Amino acid sequence: MTDPVLRVENLAKNFGGLRVTDDVTLDVLPGELHAVIGPNGAGKTTLINQISGLLSPDAGRILFGGEDVTRLAMHARAGRGLARSFQITSILPRFSVLENVALAVHARSGTSFRFLGRVATEEALNAPAMAALAQVGLGSRAGVPAGELSHGEKRALELAIALAMEPKLLLLDEPMAGTGRDETERLIAALRSLKGRFPMVLVEHDMDAVFALADRISVLIYGKILASGTPAQVRADPAVVTAYLGEELE
Amino acid sequence: MADIATASPARRARLAGNALPLAIFLVFAVVPLFAGFRGEAYVLGLVTRVMIFAIAALALDLLVGYGALVSFGHAAFIGLGAYAVGILGAHGISDMLIALPVALVVSALFAFATGIVCLRTKGVYFIMITLAFGQMAYFTASSLAPYGGDDGLTIRMRSTLAGFQIFHSDRALYYVSLLALLGAYLLCRSLVASRFGRVYRGTRENPLRLATIGFEVYRYQLVAYVIAGALGGLSGFLLANAAEFVSPAYMSWQRSGELLIMVIFGGMGTLNGAIIGAAAFLLLEEWLSGITEHWKVIFGPLLVLVAVFAPGGLLGVWARLRRIGRD
Amino acid sequence: MSTSLLIVQTLNGLQLGVLLFLIAAGLTLVFGVMDFINLAHGVQYMLGAYLAVMFYGYTGNFLFALVLALGASLAFGLLLEFAVFRHLYDRDHLDQVIATFGIILFLNQGVKLAWGAAPLSLPIPEIFSGSVVLMPGILYPVWRLVIIGSGLAVALILYLLVSRTRVGMLVRAGATNAAMVSALGVDIRRLFMVVFGFGTMLAGFAGIMIAPILSVEPGMGDTILILAFVVIVIGGIGSIRGAFLAALIIGLVDTLGRSFAVDILRTFMAPSPARTVGPALASMLIYLLMALVLYFRPAGLFPTKGR
């Protein structure tokens, strides 16, 4: 059994009296796409927030690449290769599409405390950025201010930014939230082409996407992991079927 | 590729606006040649003041316009730079090889120490805490009885350079100030366009995003804050020389407010706007106060109108007029 | 350091605190509900004082002057809201700072034009003039007690209004999430006007009450404005409770600090440096306090917006 890239152990988080994350343990193996599904309010985004470092858990550990990062700041985790995309689009609207991605390239390549030299013309940053944009199909929109993109294009940009970080683990928080049919298809294709390059945790509601892409699925209900396994196993699990998947599968 | 990569509006304006700073500095360069018409000392003195405050305004624009760090205590750095000259002068040290580095270092240190605390806050809390530190500097200066306290301190001799009285003539001070302004301007422009600048500008757009990419936002803001503080100190050094006087009033919150107005007036986030704003503010103040002692009755509503109808400042109005002219 | 001095200064501190509360309450509400930085709140306080002097000149009666000045303050405040502030609610804080700064300049000069630059004064109403014996050896001006009393009464009324009435509930809701309140169908414009008008009246009231003991002059609102901002930042923006607590703390710290700083420093410092450092430290005390509070609680003591 290979060492997991990410291991979450007995994670717990309370908001007031509400147990939003209840003794969650899961791991992500190298190269796999591990989906986390569950009804709204199950605590999926909170889980992602704790893994990426936006929230501090009340109990439990988070091990990334074998290192305990539970108390590590968000930017430090990102520096170690933990990338994430946001459920509610989080980009730099007044920067161009290319600049948004170039920033991510920039974070991983050399010092940023350089005060001379025009960053906008640095090929070393622009080339990998364009490559990432091409991967998600946004190559032609490189010069557009990011705020002017359509919703689906913005979701794709989120993915491109994460890609440009050359992540060791990618956390995707509902990348297909609110996207139309075509854009969803494009994102699924992009994600499929990325499978195997690095492990991903995919939080999604779109069941087609989940079953098309996931190697393993964990089901989160009321903050607890109800079931975890291959898509076939999860599909067949009676508890899951009754609690969540019942109507969706029909 | 460069044009596609830098599509954001502020950038576009600046690319097109290379003509503008050229014009500005050209005007500054030739003013002394025409100064004789109106009374040389008066004009030189006035425009020197404009350039000195323009340096401080540039620094503030760096914070406000590019980093959304609204500092209401920026005048403190001017005061620190000025007092460096004054206090050293009171002890017989006038050489700028000592006074200038001291002014810069003291301002930078103050910026560092206060920045560490201030940058933990945001929004109006940041505004208030920068104000607080500005006030602390003000009150400290007021209580320095051996250095004039509330009444201020006269500077008997302008800074010398290795024994030479280089500021003996107002013209010399004028041109040195112009060079300092040019240097500050080029520094800020380079900063904004650099790797550092892109990250720093990003902190204004979406600090959360930057953190998840791997940038420690706090560090970038602190560096910018220290640089802005040092530039303020430079401005103060020159101001002390120009006015041959230094007082706590240089650091009052009203002065910090005026600096903010200068930045907004010209159009924040453009650097050119800071210089134009400083010029517009000081020249307007000079002109209006010549007309009536109650000039603030006119100036006040003018500010209100600018805030309500012209948030992009003079440059914003200019851009809008050009757009109308084109259509 | 005698006990009678301590008691007198404590009362003075309370009086300053109560005054600060009257001003800060309006400021924090306007900021909390409308997200509007109103630097002009200080000149509204100043205007209240000037209007009181003017109406006293016409009527010769303090009570009439009080009522008329309150009314005029309210009218003027609403005029400002209608003419200027209304256009700035959606704007950047910076635009609001510039605009209200402009109003400060305008009004500080305006009162000079209207009433001259020399300080004016207002006599204390007959029945409240003079001092009262609080304890053997301690004489305290009655009017200052009146200020403390009326300030506390206003605080109580405000508390009841905000926590027991429907409008008060809307104000509290608005302070936490104005957009939501508007989305629920409440006429947010009307609410803003009510909040603003009330805040203006409080500031004006403070100015009227202080006029008999301070000199009424241009610029008198500037220092108190800064203090009021320190109060609302420490108290937490949008919180009346926070403003009340912070105002009292600031009032006490500032007054007692100024009176006893030199003495306290003298206990471990030589008299001469103590006398130089003392006043400077005393002036800085409240700013140090604010910096300290913000270091541990970057959003003040009672932040209203959710974490």
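Residue numbering begins at 1 within each chain, and the chains themselves are lettered A, B and C in the order written.
Just so we're on the same page, a contact is a pair of C-beta atoms (placed from the backbone, for glycine too) under 8 Å apart; a residue touches a chain by one contact, two chains touch by 3 or more.
Note that the coordinates shown come from a computational prediction; the quantities given were computed from them, not determined experimentally.
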*Using the contact definition from the top, classify how the chains connect: line, ring, star, complete or other.*
line
*For subunit C, which other chain has the most distant CA centre?*
A
*asked:* With centres defined as the mean C-alpha position, give me the subunit A-subunit C separation in Å.
replied: 49
*Roughly how many whole angstrom separate the Cα centroids of subunit B and subunit C?*
32
*Approximately how many whole Å separate the CA-defined centres of subunit A and subunit B?*
43
*Multi-chain contacts in subunit B: which residues touch at least two other chains?*
none
*asked:* Quick check: in the complex, which residue numbers of subunit B touch subunit A?
replied: 1-11, 190-191, 193-199, 201-202, 205-206, 208-217, 220, 223
_For the subunit B and subunit C complex, residues of the former touching the latter_ = 64, 70, 72, 117, 120-125, 127-129, 131-133, 135-136, 139-140, 142-143, 145, 253-254, 257, 260-261, 264, 268, 294-297, 299-304, 306-308, 311
*Inside the complex, what are the residues of subunit C that reach subunit B?*
31, 37, 84, 87-88, 91-99, 101-110, 112-113, 222, 226, 229-230, 233, 237, 276-277, 279-280, 283-284, 287-288, 290-291, 294-295, 298-300
*Which positions of subunit A touch subunit B when the two form their complex?*
52, 54, 73-76, 78-79, 83-84, 86, 90-96, 98-99, 102-104, 106-108, 111-122, 126, 142-145, 161, 165
